[in-house]
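Everything below concerns the one structure shown next.
Think of it as A, B and C in the order they're written, each chain with its own count starting at 1.
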């Protein structure tokens, strides 16, 4: 009986093997694989935005997005299974892969495109050791303050253009019985990052771009007075319970995405929220549907007039692991406004291209953000993304949390400095 | 086999030679056929474009049948060998496949980690014990050791304790399946879902707002101030451990329950006839009979507590004094890209499990085989 | 006699009440999730789920519609028109998850059962050392194995195939399966084997005809755990199978449904229940194997 079963099994599998012989796939389609961290609707918009490329060249672009990008990209690269192209959210990752020799440097025609289509800062951010690797596509800008338009108009608040005006406005709000800010820094395994953005934004305004860069390179230590000053300015707002809705506990426990919600209660429980352009997707549906009527936005005011109104931003850079003619064609497409236009029209994305058509953005708000980004005199890339992982995605985040939770600022700064590799 | 033996003994010397030769050929041929069949299946599954349904069916037959075939062929070959050799090799027919796969998938990678733990971040320069110095002196690591100890004691105690109580009670209830299914339910929820569930329990809103977290709603209902639970040191560790107990009790319950079913009812009946109270029966008869199962369940939950990662990582990210070893390991490895430290911390986990291994080995030695 | 019976009946009631109380606490958080899954996002964020009992809020299935039928997307197509469309539905992901899971449960269980029998009842050199290693490997985080295994897979061209992921789940699931089955199989009374071996049965026969049938309760419970682990796994599938639409498993689809920054996390409320259906079916399907007497009846006390 058992033998009969075995014999049957053998025949079945032999059959499968024969069947398999005729199945071998012959691949002659031209395919480029792209791996990135954005998913769902954003992935769909990306795919639609690059469709004109496929239509024109016949090259299929297979995008794979994953919420586990952070873990997967290093496993795949180290494991010998990298995608053709990856969209890296952190320049630190690019530097790492470049040092390991995993990346293909920019070739001449691509470099020329980058030189003509982007401000020099983007090329520098995509370079390691003087060699350019990364091409930026969708970027974000974070130095913006959002407010409930109707409530502001009713109270007669005016947009501040200097830090003094901002402080006066906050006091005016308190006097009117309003709470100025809604802040939340909880973000699961990345809790603390919205706080690092605040500090960076202030740092750019007080110390200027050069000191900012020294801070990133640890040429000035993390407990340097310039850094401490930035923290203290943030702390003056954050730790004043009159200024912040719900106080420290709210800051610590509220998810950054939920944190703007008090602005849209009726009446609003808070009047301002500082966050990047992507925050609009977290607004309640009724607000998102009437964005221009309900929401106003202004850049975080200047502190030291010498630096004007700097813009803090971030973005994914596309880097090449496998050098094929198709990959080259696609990368060159990505370096042009053509590749971003449809996504810009769909909304929720800003682009750094110099020759972009601002009319493509679907509403006045995004148009003004894109304008601010392209025209910024001082542009600072998110410092925590540029610092080594131990600090930028480690002790800086946790340091912010400890600080808000009541730890002494000097201790926090010393701890972060000690963790620098 | 007996048929072949008779035919061989009845033939002449020449016949015997032919039979021996035939045997050798068959002994080679059968494994060869088995190999070809498995390889064919492998190639098919690797390269096929067939519809998903067909792939899945072939896959299941190939995978399951293939494993059975391997066992059968190995056994067949071993039985053809001289008796002494066969006896020595036979056990490996059973444990061999597991050892090979474990070796490939876990043991060799673990050795590699051990090796990498003596190197720097990018595995280029030898750094001696530097990564271990980090692992045993970094303040966050020291914090993790204390916390993991708390996880082991409270998490294991809670899950095994509740699992045992529920299994014992359910065994005496008519609605056993219903109760067990509900306690098991959390296990079936994916971790992302469980994360959302516990957010609704621990959520904090400022006093002037309506609470959406169950716990704070109860606190405010009784007139208290809402609390930010995850920032309350050191109690926040216990709030996190509650999640583990909630998740793992179902596991402990299912295994313990299966062991309870395995106790011969005659033993318990004998106890009842002797007039022992239910409590005495549980302590004197039931617990000793399932003791080895309790050790097993406790061992696995201790190991789960040692490796605890996702609960801490998504709920607090190790802030407010809740850091644990496995979360440190993950961060070093994938976020800070420091393979040396990441590997060293993984080795620390292996070191930490030595007492558990030692105890299990003692239990193991008490049982002998044939 | 009647007194004793009444006493016993009273105990039964007490036991059921205690159990009901425990179960109530145990399911409360899940009930909260379930009610939340039927509420619109704005309400979930602003009022507790229990308020629905007093407010008489209207429930709707919108979250489920989005999870099962695919999230609504808006995008601009190549002609410049704004399009609103649904994403892919979950049926493909269900098939993928099942294809990954079923062999990933059966294969390790077979191998582990054989190994457990070997460790428990057969004498061979290195038995103790090998067993210690199996226990030690329980604690090794599988993350450290991802890179070396992926390298091996690349070398033999296995990456991206279902076989790759079954083998990976087999490898990662074996320590627990072997350890738990060892515990169960080693408690099978010795005289069962003695009589079988005296009758001249071969080891393979003893294994297939005695050990496997006797271990069914343990194998069934392990099957559930291995099923749950594989079903809910995200990382192993992403590394060895990939995350493109044709192979994406359910967990991967759910994880991306919340959006790049988690803005749609409320969909997880419905998603958690959708992914739970199959594991629960497996649990109820296998629960009937947890019956008394398979072994208890076969030996005398």
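Definition applied: a residue touches a chain if its C-beta (ideal position, glycine included) is under 8 Å from a C-beta of that chain, and two chains touch if they have at least 3 such contacts.
Note that the structure is predicted; figures quoted are calculated from it, not measured.
**Q** Just say which it is for the chain contacts: an open line, a closed ring, a star, complete, or other.
**A** Contact map by chain: complete.
**Q** Report the chain whose CA-based centre is farthest from the CA-based centre of subunit C.
**A** A
**Q** Could you state the distance in Å from the CA-based centre of subunit A to that of subunit C?
**A** 35
**Q** Return the distance between the CA-based centres of subunit B and subunit C, expressed in whole Å.
**A** 12
**Q** Mind pulling the residue numbers of subunit B that touch at least two other chains?
**A** If we look for residues of subunit B contacting two or more partner chains, we find 68, 72, 330, 334.
**Q** So which stretches of subunit C touch two or more other chains?
**A** Subunit C, residues with two or more chain partners: 45, 143, 148-149, 255, 265.
**Q** Of all residues in subunit A, which are in touch with two or more distinct other chains?
**A** 71, 75, 188
**Q** For subunit B, which residues are in contact with subunit A within the complex?
**A** 33-34, 36-41, 43-44, 47-50, 58, 61-62, 65-66, 68-69, 72, 121-122, 203-206, 208-209, 228, 230-231, 313-320, 330-331, 334-338
**Q** Can you name the residues of subunit B that touch subunit C in the complex?
**A** Spelled out, the residues of subunit B in touch with subunit C are 42, 45-46, 52-53, 55-56, 59-60, 63-64, 67-68, 71-72, 75, 79, 88, 90-95, 97-99, 101-102, 104-110, 112-113, 162, 165-166, 169-170, 172-175, 177, 179-198, 200-201, 210-214, 217, 246, 249, 251, 254-255, 257-259, 261-267, 270, 278, 292-293, 295-296, 299-300, 303, 306-307, 309, 326, 329-330, 333-334, 342-343, 346, 349-350, 352-353, 356-357, 360-361, 364-365, 367-370.
**Q** Taking the touch rule as given, give the residues of subunit A at its contact with subunit B in the complex, in rising order.
**A** Where subunit A meets subunit B, its residues are 2, 6, 9-10, 12-14, 16-20, 23-25, 70-71, 74-75, 96, 99-100, 188-192, 245-247, 249-250, 252-253, 269, 388-390, 393-394, 397-398, 401-402, 405, 421.
**Q** Show which residues of subunit A lie in contact with subunit C when the two form their complex.
**A** Going through subunit A, the ones touching subunit C are 37-45, 48-49, 51-52, 55, 62, 64-68, 71-72, 75-76, 78-81, 187-188, 255, 257-258, 261, 278, 281-282, 284-285, 342-343, 345-347.
**Q** Could you pull out which subunit C residues touch subunit A in their complex?
**A** It comes out as residues 41-42, 45, 71, 73-78, 80, 82, 87, 143, 146-151, 153-154, 159, 234-235, 238-239, 242-244, 252, 255-265.
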